[in-house]
Structure formats: structure tokens, C-alpha cells
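After this come two complexes, each holding subunit A, first together with subunit B and then together with subunit C.
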Partner chain A sequence: MGAGHAHKLYRHGHSPVHGLPPHTKLAAVFCFVIVVVSTPREAMWAFALYAVLLAAVAYAARVPAGFLLKRLLIEIPFVAFAVLMPFVAQGERVDVLGMSLSVNGLWGAWNVLAKGTLGVAASVLLASTTELRELLLGLQRLRLPPLLVQIASFMIRYGDVITDEMRRMKIARESRGFEASGVKHWGVLAKSAGALFIRSYERGERVHLAMVSRGYAGSMPVIDDVSASRAQWSYALTLPCAALVVCLLGWLL
Partner chain B sequence: MTVSPTPLSPASLEVGGLAYAYPDGHQALFGVDLTIGRGERVALLGPNGAGKTTLVLHLNGILTGGAGTVTVAGLPVGKRHMAEIRRKVGIVFQDPDDQLFMPTVREDVAFGPAAAGVKGPELEARVHKALAQVGMADFADRPPHHLSFGQRRRVAVATVLVMEPEILVLDEPSSNLDPASRRELADILRSLDVTVLMVTHDLPYALELCPRSVILSEGVIAADGTTGDLLADEDLMRAHRLELPFGFDPKSVKV
Partner chain C sequence: MHVPDGFINAPVSAAAGVVAAGAVAVSLRGARRELDERTAPLAGLVAAFIFAVQMLNFPVAAGTSGHLLGGALAAILVGPYTGVLCVSVVLLMQGVLFADGGLTALGVNITDMAITTTVVAYLVFRGLVKVLPRGRRSVTVASFVAALLSVPAAAVVFTLIYAIGGTTDVSIGKVATAMVGVHVLIGIGEAVITALTVGAVVAVRPDLVYGARGLHRPLKLRVAGELVDAPDTAPAPVAARGSHRKVWITGLVTSLVLAGFVSFYASANPDGLEKVAQDKGIDSKTEKHASDGSPLAGYGVKDVGDARLSGGLAGVIGVGVTVVAGSGIFWVLRRRRTADTSPSQITETV
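Moving on to the complex of A and B:
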């Protein structure tokens, strides 16, 4: 049993980056990604500099390179997409190793790959230094619609409860000799899914009763008011500001 | 022992002529009368489907619209004082997974007072006090689903105690608890200085904790008296489908 909602991406630590209020980190990553996306794709050196910036953040957060690289694997689908682009794109073509590739496609692939990797890397860094719970507080603080934040909190709280219910239903099915093997069993699975939905819905009603009984009137009370000092904001925003300088240079040069 | 309320302080709970039919037409309560004095611990016994939960949901105004009145510490349950009533009546529901809906124990306990506008160090202090009362202060930052069932039940009690309620209402508090957790919960409930209404099937538990019991059967209060006397009345118990565990003799128990 771990403490807190340790998700797979989170890496426990006490670095200065871990200690930043969550909404400053969210804002920083968001701005960083916007800046990266608006950089001209021809300015290749700019992307190298962004990578260096992220490496500096990872160093400050004491997130090892191996950890970060392993989690970057999420973006493999993007890579596959990017690899295809030079083959299928239209327009002027160049010959590489005897293959005729589209120049436009090559640039497009590079664009997706470089920007995608940087965006994913920044998000992975955010996730590995911020607990899920904190992220939600940060979103709440950044004035995201409260309903969305509430839905996300309930997903965290009840995800395990529902998975557990699903597991119990599976055990009950298998104890009675049911083995899902092929299309003819989909009917049973569909009925289980229906039962799970009804159970979850009824639980929702009971939870709502419990909330109303404790004074809920439509909005979640603020329990932990996360607030950031000016110093914390400027520390967090160093990343997107440095990136912005690089981006502007990219446009000018 | 029936503590008669002192004339100056109104009874914690007064239910008069309460009748209720569900929207589908099924009538669950047929005129319930019940008075509980301040500081009393009363068990509400009754077979499945007797209307116990329906009665409980009337106590804090979740269900309304039937005939009769409910008064909590002199305050009538109704639209006008709803927030105040919900603060005064603390209901612990049967399944702690329904009761504990926040990501951490601390936030869950803080939910009620925070909704009432308490914040900062005062909120922190109240949360800590409530968790300490149920012996769970060390678990404040744990997510509820990582706790044992007994621990979750205790936290559920804390989420209500933190509101400093006039009356604590527990729906089947001993269900699903192993003997040790059952005893721990009993110790906690006994140590509290608050009026308690405990809905239960667990007759030994009622005898252990509540000097007085009432039997709700088919939507009316069928009996009201000392728990020992009620449990010893075999005809009464049989008439209301209440059965003592095998080998348990209420007359032999010294409370």
C-alpha cells in the first residue's frame, strides 16, 4: 500500500521542482508547449536548445535520464505517424538511399517529432514531480470549470472501487465456470458491463446522499488553498520565458 | 436507564406522527413517534424493509413531504434551516465507500466544516480532533481506499463528528466488521459525549451500547423500552423477525 495516489508516472522526491505549487507548474508547462509549437520548424537549433532547457529542469528535479526516456515511450504512435509522412506526402521529392521522399513530408515529420517529443517530455516532467491530487488542486486553482475538476477527483477516488467491483464480478463469473473465449460470450460480458454500470450509478446516488448530508450544495468547498509566492511563480516561469527567447530568435534569424 | 431530558434543554430528536410514501406509492412509514433525550444512546431495531433507512433519511431532511414533524434540538426540519439541520444531524451511512468520497482522509473529514465555511488553522484543528477521537490521526494523508474496512468505518464516524453534531445516527455500524474492529468502534462510540441513534440488526451490539431500544416494524414503532427487557421478550422478538445469535442469552449479560 503506497501513500497517496502515487500513479506510475510520479516519482517521489523533495527537489525544488517537486516543491513548487502545482498551478505554477501547470502554467509553466502549458506556456512552454505553446512556445514550442509556435517555433518555425526550420529553426532546428531552437529545438536542441529546448531539449537542453528540459534537461536542466530534469536535473533540478533530480529525475534521472533513464526514467524520463522510458516514459517518453508513450509517444511511439506519433513516431510511427511521423515516419510515414515523408513517404505519403505530396510535392517536391529528394532521393535518400535510393528512396524518393517528399521534402515537405520530411519537414512535416521532423515538425511532429520534435514538437511532440518536447511536449511529451515536458508533460512527463510535470507528472513525475507532481502528485495527481496536487494536479487537481492546481487545475482548480487555475479556475478550470469546477465540474471537470470534481469529475476528475471522483475518478481518482472511485477508480479503484470500480476496478475492484469489476474484479469481483469476474471472479464470480469464473467461479461458475465461465471462461470468456470468443464472440459467443460477448453477450455475458455485455450484461456484466450493464450490471457494473447500474451498480456504479447507484453508488453515485448514495455518494450524493452522503455529500448532501454533509452540507454539499453544488460546489466543492476549498480545503487546501494552494497559493504561490512571487518567487515561486518566477522560478516556475523561468522555463517558458527562456523558451520564448529561443522562439523569438528562431523567428528573427 | 432512560435519561429523561432536563426541561431546559429540548430533546435531541422529536419525531411526531411521521408517515411517508415513496413516489412509486409504496408506503414505508405509518406514523412514527419517537423522542430521544440529549445524551441518550438508543438502538433502532427492526427487520429488513421495516423502514429504518427511510426514517433515518427524514432526520436530516433528505426525504420530506410526508405527514408529521421532525424536530432536532428544538429546530424543525424543513427548507428554512436545512444547513443548520444537516450540521446538527450527523449520519454515518452503511457503506463507508459511499461516505468517504474525497481523495484523502484529511480532506474527507474537512469536507463538512469547509462546506460550512470553516477554514485555515481552525479547520485543521477540528479535523485533527475528530480523527483523534476515532484513533485515526496517523492516517490523515492516506487515501480512504487503502484503509481496512474497520478503519474506513471509523473515519466515516470522524467525518460526522467533526461537525460537532447534536445527534449521531449510524446505519448498521457493525456490519462487515471483524470482532476486533467491532469492539474498537464500540469503545469509540461509548467514549463520545453525544446523543446516538444506532440502526442495527446486531442485537448483542445494541445491548452492549444502548441502554434503550425501539423496534420499528412495518412502518410503526412497535416497542420502546430497556434493551435488556426487549431482547428478553421472546414473543416480541419473534413477532418482529428479530433473532438473537445462537447461544446468546440477554438475561445472562451484565451491562
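Moving on to the complex of A and C:
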């Protein structure tokens, strides 16, 4: 527990983006995504400008492009869905390369692809420049109910522990010659899941007792309260404001 | 099934966000009542468990594999309130940390995957446990059915949200068939795994299974060589009834809010969309778009006031009818059960 608790997506650094207070970054990303979602899909150039904005942020945060692109792979399932859209959507049809595609479906696919990708890229940038603990502090500063933040912090803190426990159970199964290959092995796997639940729950009880014995009475002590100056706020909100200008242009033009 | 940004339009995402926030607030209070100050560590650890168990791969055949979604499992193991909280927190963290599911679609995702699965699974589960004979096997059967129904229910809710605020006009029939069809298949897998997992937990620590709390055998004492019922059997049914009523009221309120609010929005929103489309340009493109006869396009233009009212009313009436029918069945069952148990109680009190 003494080692750093950075999650795998976090990229350590000292850029101006890393240094911003977490709640300003959260607010900025959230506003940015809202603006992106409410942009009309016909304004293709607007999405290109958004991508340029995000690239500027990535440059300022010194996040390499390869890292960002690799993280974007998470949305592949929905890309597959978007590719299907032009084939199943209704309305006016157009012939592309000998295939009859729906115009509305093409617009829809473009809409989901563009907005989804920008949203994922913004989230990835947030996660790669903000430490977990900071992120939770930021959520708390943004007036998320403290209990919810506590639950989230316990989940994050013990997520790795529970995942490791699951991995150890897997190693234990395999060292006894078990190999899951089909439906007939679900019983064994489900029993592992049940055992994992019991272990997690009992660990929760132990953690609670340990907390109570150290004086816990329902709320966590706030040791380091983050606050943001006006300059930091305005620096963080540059991104959504620039995006808002683009969005308004998109609606007007 | 994580919905990305841009898949559902902004107003509907916001409405789903409001629904999700309300449900999370209700579950926060409920969970605090259930777990008092143990809420944070226990719910946190259960959320971590859900997070981990979603990574546990269940091989199906020929290299394909599925994994658990966990809503039904959470509802049965730790109760509906804590279950909603755990799955919501998992979704929140997946959205913020892993970019899995869009930030603006968080409300949609929570409404769909946390609230619907958990609430549906728990209601079905409690209903079946009440109907079926007491015992471990009926817990397993009930969790099977609960999980089986919870996944297509989530697909139905997703289709509903999509019908209101989807950004492409794929016909609703197609979306519904595809979503429900696929998710019935997923639901079968989910049901088998959930039932097996709940069975495994019930076998070892039945006291940990929230849904099976009322099922423990009465304590027997061995007095002078023979088994005698311990005297404290009276408080248990009262507690069970209290929690039952709580669940009933919460379910009623949630479904009324969902039905009334969402279907009100259902008819209000395409109107907005249509209006925007008309404002944007009365040029050829928009007109074609409006007249292409898709069900989305035809939703709200004709008579908005009527549609709104009738939509909301239909939702509320539907919920009302369901609730009356459901509680009628429960009432009959409970009467039968109390009629069954009353002789023993009389002998005890006498």
C-alpha cells in the first residue's frame, strides 16, 4: 500500500493540465462533452475544430498521440454498431460502391462516431492527467453526495485488491488442472464468483471495524481540501468556451 | 451496452440524468437505512466486487465468451438500494476513468443498466420467493428468473429511450427486435450465472443474501433431548412485512415517475426536435426528412397537447393497472399464507 496508487490510465507528468485543480478539469470536460453533443451533425467542420481543440489540450498536457489513439480503441463495439446503421436505417437511399445506403443512416453513423470519439478522447485526456484520489476529491468538490464519493473511493481503493483476489483464484483453479472451455464449466466459475462475493463482503466488514476502531463516525475527515483560483478556473474553462463558440457558429452557419 | 456520447440527443440525456439522480438519491437514503454507517465500506467493496466479476469470462463455445452484467446479482445479494448504488458507482467510474460510456450518456446508462436491471430483478425475485415454497432451491430458481427478465427489461428501457431521443431514425421496430432478441440470449447466460452464483453464496453464507433474509429456519432448542421452537419467532414476519411495504412503495413511486415523466417527455421531445429541424431550414432537405414517414418523425407534430397528455396518462394508467393486479395477487397469496400459518400461531399463543 506504500507505493503510488496511480491507475493504469494515469500518465505522470507536470504539465499545466496536470497541475489544474481536479474539479475545474471535471467541469471543463463535462461542459465540453455537452457542447459537442448539442452540435448539429451537419456541421462537419465543427467536429474537426473540436478535434483540433482536444489535440491542443493533449499537446499542452504532453500526452503523446499514440497513447491517446490506443485508448480510443475502447469504443470499437460502437463503431461496429455505427457501421451497421447506414444499412438498416430508413429514408432516402444513395448508392455508394454498389451498395444501397440510407442517407439518414449515414448521417446517424457519422453523428455517433464523431460525438462518441470526441467524448471518449476528452475522458481519456481527463483520466490520463488526473490522479485517482484527485478525481474523487474533484467529484466531492462538485457537490456529489459525500456518501457516493466514499463508496466510489472504496471501490477504487479495493478494486485492485478484489481483482487480484480473483486472479489468485484463477491461478488456484488452473494449478489444479481446471480449464474453462464451455458452458459445462460455468458451475465452477460461478462458485468462484460466489466465493469472491463472500470474501469481498467480509473484507468490507473488517474494513469497517478497522475504521470504527480508528474513530470513524460516518464521514471521512477532509485532510486536503482543493480549491481553485479564478485564473485556474478560466484556464480550465477555455476549452468548453472555445467549443461553445464553435457550436454556436455551427448552429448559425 | 454502454451508450456513448451522441447516441441519445441532449434533452433526453438530461431527462435521463434527472431520473438517475433521483433514483440514486432515493437509494442513498435507503442504503443508509439498511446499512447505517457501514454503507460506505460495504457498498464500496460490493461495487469493487461487481467491477471485478464483470471481468470474469464465462466461455460459451468456440472461443466466444460472455460476462456478467451484475445488476440482478447485486440486487439479490445486497438489496435493491445498495445494488443500485453499487452498479451506478461502477458505471460512473467506468465513464470517468475508462471512457466506457459517454459522460453525457451517464444518466441513460444508469437508468438503463443500474436502475432498471436492479429494480426489475429485485421485484421479480421477491415476488417469486413469496410464491414459491421456502427453501434454497426456490431462491436459486427465483434468481434465475429475475436475472432472465432483468436483461431484456433493460433492453426495453433502452429502446424506449432510443425511441424518444435517438439520433438516427432506424425504425423502432427494428431496434426493439434487435435489442430484445440479443438481450434475451444474453439474459439466459446472465440468468444461469446469477443463479449459480447466488446458489453458491446461499450454500455457504445464507445470511449474506439479502433476498433470502426471511428464509432462515426458526431457531430450535434442544430441551431435555427433544427439539423445541425458540420463543422469538414473532418479530421476524413483522420485519419482513415492513421491508415488503417499503419495496412496494418505492417501486410504485419509481415506476410512476418513470412512466409519467418519461412518457410526458416522450411526446414533448420529438416536437422540439422537429421544431429545431424546421427552424434550421425550411429547405428541401429538412422537408424530405420530415416527410419520410419514419415513426420518429411522425411522433409529435400533429397534436402536441393531446399527445403529451395521453402519453403521460397512458404511462400512469399502465403502472396503476400493473400495480393493482400485482398487489391483488400478493394480497391473495398473503391471505392464503396467513390462513395456512394461523393455526400454529394460535396454538402457540394459547
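Worth a mention:
Keep in mind that, in the parts below, the second predicted complex is superposed on the first by the 230 of 253 C-alpha atoms of A that agree within 3 Å, B and C clash if a C-alpha of one lies under 4 Å from a C-alpha of the other, contacts with A are read in each partner's own complex, and residues count from 1 in each chain.
Throughout what follows, a residue touches a chain if its C-beta (ideal position, glycine included) is under 8 Å from a C-beta of that chain, and two chains touch if they have at least 3 such contacts.
Keep in mind that this is a model prediction, so the values were computed, not measured.
Partners subunit B and subunit C, once the complexes are superposed on subunit A, both fit on it without clashing.
When the shared chain is aligned, subunit B comes close enough to touch A:Arg133, but subunit C does not. Contacts of A:Val161 after superposition: both subunit B and subunit C are touched. Legend: residue contacts after superposition of the two complexes on their common chain; A:Trp233 is shown touching neither subunit B nor subunit C. Put simply, more of the residues of subunit A are touched by C, taking subunit B and subunit C as the two choices. Of the two partner chains, neither subunit B nor subunit C is touched by A:Phe67. Judged by the touch definition given at the top, the superposed model places A:Val222 against subunit B, while subunit C stays out of reach. When both complexes are overlaid on chain A, the residue A:Ser153 reaches subunit B and subunit C alike.
Angle at the C-alpha centre of subunit A formed with the centres of subunit B and subunit C, after superposition on chain A: 80°, rounded to the nearest 10.
When the two structures are aligned on the shared chain, A:Met211 is found in touch with subunit B and with subunit C.
In the superposition on chain A, no contact is made by A:Phe178 with either subunit B or subunit C.
Taking every C-alpha of subunit B against every C-alpha of subunit C after the fit on chain A, the minimum distance is 8 Å. On subunit A, the patch touched by subunit B and the patch touched by subunit C overlap at residues 153-154, 156-158, 161, 203, 207, 211, 216-217.
By the touch criterion given at the top, residues 57, 60, 62, 83, 86-87, 89, 91, 93, 95, 97-99, 101-104, 107, 110-112, 114-116, 119, 123, 141-146, 159-160, 163 of subunit B touch subunit A in their complex. Residues 1-5, 133, 136, 153-154, 156-158, 160-161, 203, 206-207, 209-217, 221-225 of subunit A touch subunit B in their complex. Residue ranges on subunit A touching subunit C, taken from their complex, read 7, 9, 26, 29-30, 33-34, 36-38, 40-41, 71, 74-75, 78, 85, 88-92, 104-105, 107-109, 111-112, 114-116, 118-120, 122-124, 126-127, 132, 135, 139, 145, 147-148, 150-159, 161-163, 165-166, 180-183, 185-187, 189-198, 200-201, 203-205, 207-208, 211, 216-218, 220.
By the touch criterion given at the top, residues 4-7, 9-10, 13, 24-25, 28, 31-32, 37-49, 51-53, 55-61, 68, 77-78, 85-86, 89-90, 92-93, 95-100, 102-104, 167-171, 174, 192-193, 196-201, 203-205, 208, 280, 288-289, 292-294 of subunit C touch subunit A in their complex.
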